[in-house]
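What follows is a single structure, written as structure tokens, with notes after it.
When the chains are written out, they are named A, B, C, D and E in that same order, and each has its own residue count from 1.
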């Protein structure tokens, strides 16, 4: 069975989706099915991660060899992403049982689990596929289920948030499709490795430039890179808590991985970063994203919106690292992908606990709750310090890697933006702390509110402890990130 | 200027003119109707460009399902658009000009239209799909063999997208409500049209038969599981429109539909899993029989049926969800 | 150039009409219609990549020599399905938005959110 | 001869298209679209003969079917109380106008 | 064979003529109801004649069967659609043109 691991990685969650719909009358069973999907995906990811050291694994779908059929490729550059997505999925699954039960009505809860399975399938498929058009298909699966999940938020704004994401997301996906079309027209193939081979003969081909531009602009929408980030705050802010926990930690990260995959192993670093100014543009946008995202986060009144804006800034850090196109930069980007996923997952999870308790996550409502909900707020503070980048948190480790990569490359303006953004992060995390501990609780706060469910607190703290561990001992994520950078920058093909 | 070029230019001009008119019309019902016309022209162009399978799908989806859904959505919302204010026009125009400029600039290095010497045609894929497939799979319609076998995973993904859409619409518009009898009188005047009812009743068996034909003839001509599923759904839609939703839902009960949606997907997946158990890789139909070509035939047939089941069930469910929303309002 | 690339240019014009509608128009349903126009342009672009002069549909027959390429057709079959799925979800959302806000004009919806 | 028929079809398509653009009102448009649909059925048939592969006429059957479904759907799913005098000319005039005059009424 | 070819050409020519005249009528006639008449001509006479003309040229019987099915289908749906449209328009009060009225 081990030969089938790359396929099983995607197929088990895929099969769980129809099962969820079939078993919709038994809500707990549908939850169990999703948990099973997440656990099996974690098991596959771990097994795969231990196997890629000997070289990339290829799986030929339908038994057709690579350029004729579709192949799955697992290598050093995507195992970290598989691990991140799977771990977050397991945590989100544990977290979801009570959270979804509280925020979504009973009849729709099974549909939430179905959609979560579908999103997981889409993200995993997007990560392992070695075919550009297949990547588009998985991109659409994950997007379409995401739209449905966001629309299930409790407030009516969730509907518009979902619709706007649908429109801009579809335009983005269609841009990717146009890019794929141009690349296909000048090479005649869709397989990533085959494309990379054939592109080397096409120096100065303008259709190829357009392919790069359209694929990257389309992916930038999914990554929420600065000018195309507009959908993200409302989408994450309005989605049900379990969903925003999962999406914030996993979805943009996978899009970033796909960007890396296209940039380094399909189009090639020479074309993307030397011939075309993608690196420079990426650094500029990243710097803007850091400043705008952090600044906007300071002015939010809702904790979930604040966290979402902070994500825009944090994506800026990741993009900055990757845009350097050096081993240190890419490794820093990957490290921050891992660390930020863990941190943001924990933070959105904590925000969900507040929603469960208070019915909202507005900062004004948090007044004086620090002592009432010590576990929740301790989690927020610990991971919040990670966002700022205070040593010895995980955020510090990846920010340090990023800063040294930027120093090596001499990208001073970006460095300034990183520092400014960190200061602003201090401000917005400070606002949460100030509201929770240094304000008086409203007099009419009922004393006997329901306690936060153990499963949710445990899920959040699992991520918190993971982030603390990664801060103290960065060898595991650091090793994965270095291996990924080596795999991406190494031979160029997979 | 060959005959082909002339026809091609005429159709493209018609298409662009229609698109312009659709974009300018503020009456949305009319815009939706013209977008049906737009789909018809598109489908003609697909025929002209030798993409008969795509033309088949575009006709069934664009003219049939999309139009019905669009009209159904319009019936539940306002049908007239507000004037687009000036300040909104600029960003759209800027993006369009920028993107269009990039495309035109890049198109200079695209291979000439219709060239037999383009990278696409020179790639070994061409020979494999057109000629080698005749030996490996033995189905004349190479689109079907590429769709269901060489790129079977894409098709599974496509089915998953359809499934996702069904789940999403169910989640958004709620489980099918029981139709309310007290419907607005003027909504259902079609019941008065005796001619329409008689003709539709006559057509029904023919439509379902045609759908089955399309499903099983997909190996030799245009058609296949997806198209068949859409035609089935179009048949149910027609029935629901003419005879009322209540009757349509008696014919195809909700429970059945909801069971069929996951069933098709599981069948597709099941075929792949059986291949794995028999020692091949996922969707390697060769393993289904001692003769690889026979295995491929069987696999493709099963997979196409699976697609047909899920697609028909999803499309019908989606239509009922929209239509019921209206009845219960 | 004109003789060999006119198809692409007309299709780009089509795509841009759709893109303009998506971005500039405020009506949610009109946006969806624009999205369809945009996508159809892309579909036709793919199909025209695979066309060969004097070719025929890629359904193998003894009397035919040249065929157009089947692969773009397969891709576009998938893409059409994705398009209609997106349309269905978008329409579902638009209907719900109308039911909760009483309008499908984006600006009015936003207005009603800020002043409840 | 087939080429001449094709030309006739294209000319008719353009004529029907003009009627579909001009309207006025929903019924003139749907009539034009219905007729256009028949022309596309014929187009498929004639194109098959023109380019030497007439065996794909299944598409024509499907066109005839969906055309019918679309007409029924339009009749069944339109609100009859809407303003019948929808006119492209009006819309164009509105678009060209500096300040949208009918805005308030539309949003009411 | 010559006879068949000539018959086919005649049928096709007649069909094309009907189709175009119907198209012109659709554009030139003064009101909706008269246009239904024009559209009806192209749908029935035009389409029928062209399909018949093609039928005489079919290389194989499968193609012929499909042409017949299309003819049958158009013969059923065309008039139905015309009738339903006219009925609905009448009920919704689409105005009738009389001598001297402006075109609409």
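Basically, a contact is a pair of C-beta atoms (placed from the backbone, for glycine too) under 8 Å apart; a residue touches a chain by one contact, two chains touch by 3 or more.
Listed by chain with UniProt protein names: A = Monovalent cation/H+ antiporter subunit D family protein; C = Cation:proton antiporter subunit C; D = PH regulation protein F; E = Monovalent cation/H(+) antiporter subunit G.
What you see is a predicted model, and the numbers here were worked out from it, not measured in a lab.
A.B. asks: By that same contact rule, can you tell me which chains touch chain B and chain D (PH regulation protein F) alike?
C.D. replies: Correct list: C, E.
A.B. asks: Which other chains touch chain B while also touching chain E?
C.D. replies: A chain counts here if it touches both chain B and chain E, which gives D.
A.B. asks: Averaging each chain's C-alpha atoms to get its centre, pick out the one most distant from chain E.
C.D. replies: Relative to chain E, the chain with the farthest C-alpha centre is A.
A.B. asks: Considering only C-beta pairs in contact, identify the chain pair with the most of them.
C.D. replies: Maximum number of inter-chain contact pairs occurs for B-C.
A.B. asks: Which chain is most remote from chain B in terms of Cα centres?
C.D. replies: Centroid comparison gives A as the farthest chain from chain B.
A.B. asks: So, what's the distance in Å between the C-alpha centres of chain E and chain A?
C.D. replies: Averaging C-alpha atoms per chain gives centres 58 Å apart.
A.B. asks: Just how far, in Å, is the C-alpha centre of chain B from the one of chain A?
C.D. replies: One centre to the other, that is 31 Å.
A.B. asks: Determine the centre-to-centre distance between chain D (PH regulation protein F) and chain E, using the mean Cα coordinates as centres, and give it in whole Å.
C.D. replies: Measuring from centre to centre gives 15 Å for this pair.
A.B. asks: What is the distance, in whole Å, between the centres of chain B and chain C, each centre taken as the mean of its C-alpha atoms?
C.D. replies: 13
A.B. asks: Which positions in chain B touch two or more other chains at once?
C.D. replies: Each of 4, 52, 72, 74, 81-82, 84, 103, 107-108, 110, 118, 120-121, 125-126, 129, 151, 154, 157-158, 161, 164-165, 168, 172, 196, 203, 221-222 in chain B touches at least two other chains.
A.B. asks: I need the residues of chain C touching at least two other chains; which ones are they?
C.D. replies: 15, 19, 22, 32, 49, 56-57, 59, 61, 71-72, 75, 78, 82, 85-86, 89, 93-94, 96, 103, 105, 108
A.B. asks: Can you list the residues of chain D (PH regulation protein F) that touch 2 or more other chains?
C.D. replies: Chain D (PH regulation protein F), residues with two or more chain partners: 13, 30, 51, 55-56, 58, 61, 65, 67-68, 72, 75, 80, 107.
A.B. asks: Using the touch rule from the top of the page, what pairs of chains touch, sorted by label?
C.D. replies: Touching chain pairs, listed by label, are A-B, A-C, B-C, B-D, B-E, C-D, D-E.
A.B. asks: Show which residues of chain C lie in contact with chain D (PH regulation protein F) when the two form their complex.
C.D. replies: Of all residues in chain C, those touching chain D (PH regulation protein F) are 56-57, 59, 61, 64, 103, 105, 108.
A.B. asks: Which chain E residues qualify as touching chain B in the complex?
C.D. replies: Spelled out, the residues of chain E in touch with chain B are 76-77, 80, 83-84, 87-88, 91.
A.B. asks: Mind listing the chain B positions that touch chain E in their complex?
C.D. replies: Residue positions touching the partner: 189, 193, 195-196, 199, 202-203.
A.B. asks: In the complex, go through chain B and note every residue touching chain C.
C.D. replies: Chain B residues touching chain C: 4, 8-9, 12-13, 15-16, 19-20, 22-23, 28, 31-32, 35, 38-39, 42, 45-46, 49-54, 57-58, 61-62, 65-66, 69-70, 72-74, 76-78, 81-82, 84, 88-89, 91-93, 95-97, 99-100, 103-104, 107-108, 110, 112-116, 118, 120-121, 125-126, 129-130, 134, 140-143, 146-147, 151, 154-155, 157-158, 161-162, 164-165, 168-169, 172-173, 220-222, 226, 318, 321-322, 325.
A.B. asks: Given the complex with chain B, which residues does chain C contribute to the contact?
C.D. replies: Within the complex, chain C touches chain B at residues 1, 4-27, 29-30, 32-34, 36-37, 40, 43-44, 47-53, 55-61, 66-78, 80-89, 91-96, 98-99, 103-105, 108.
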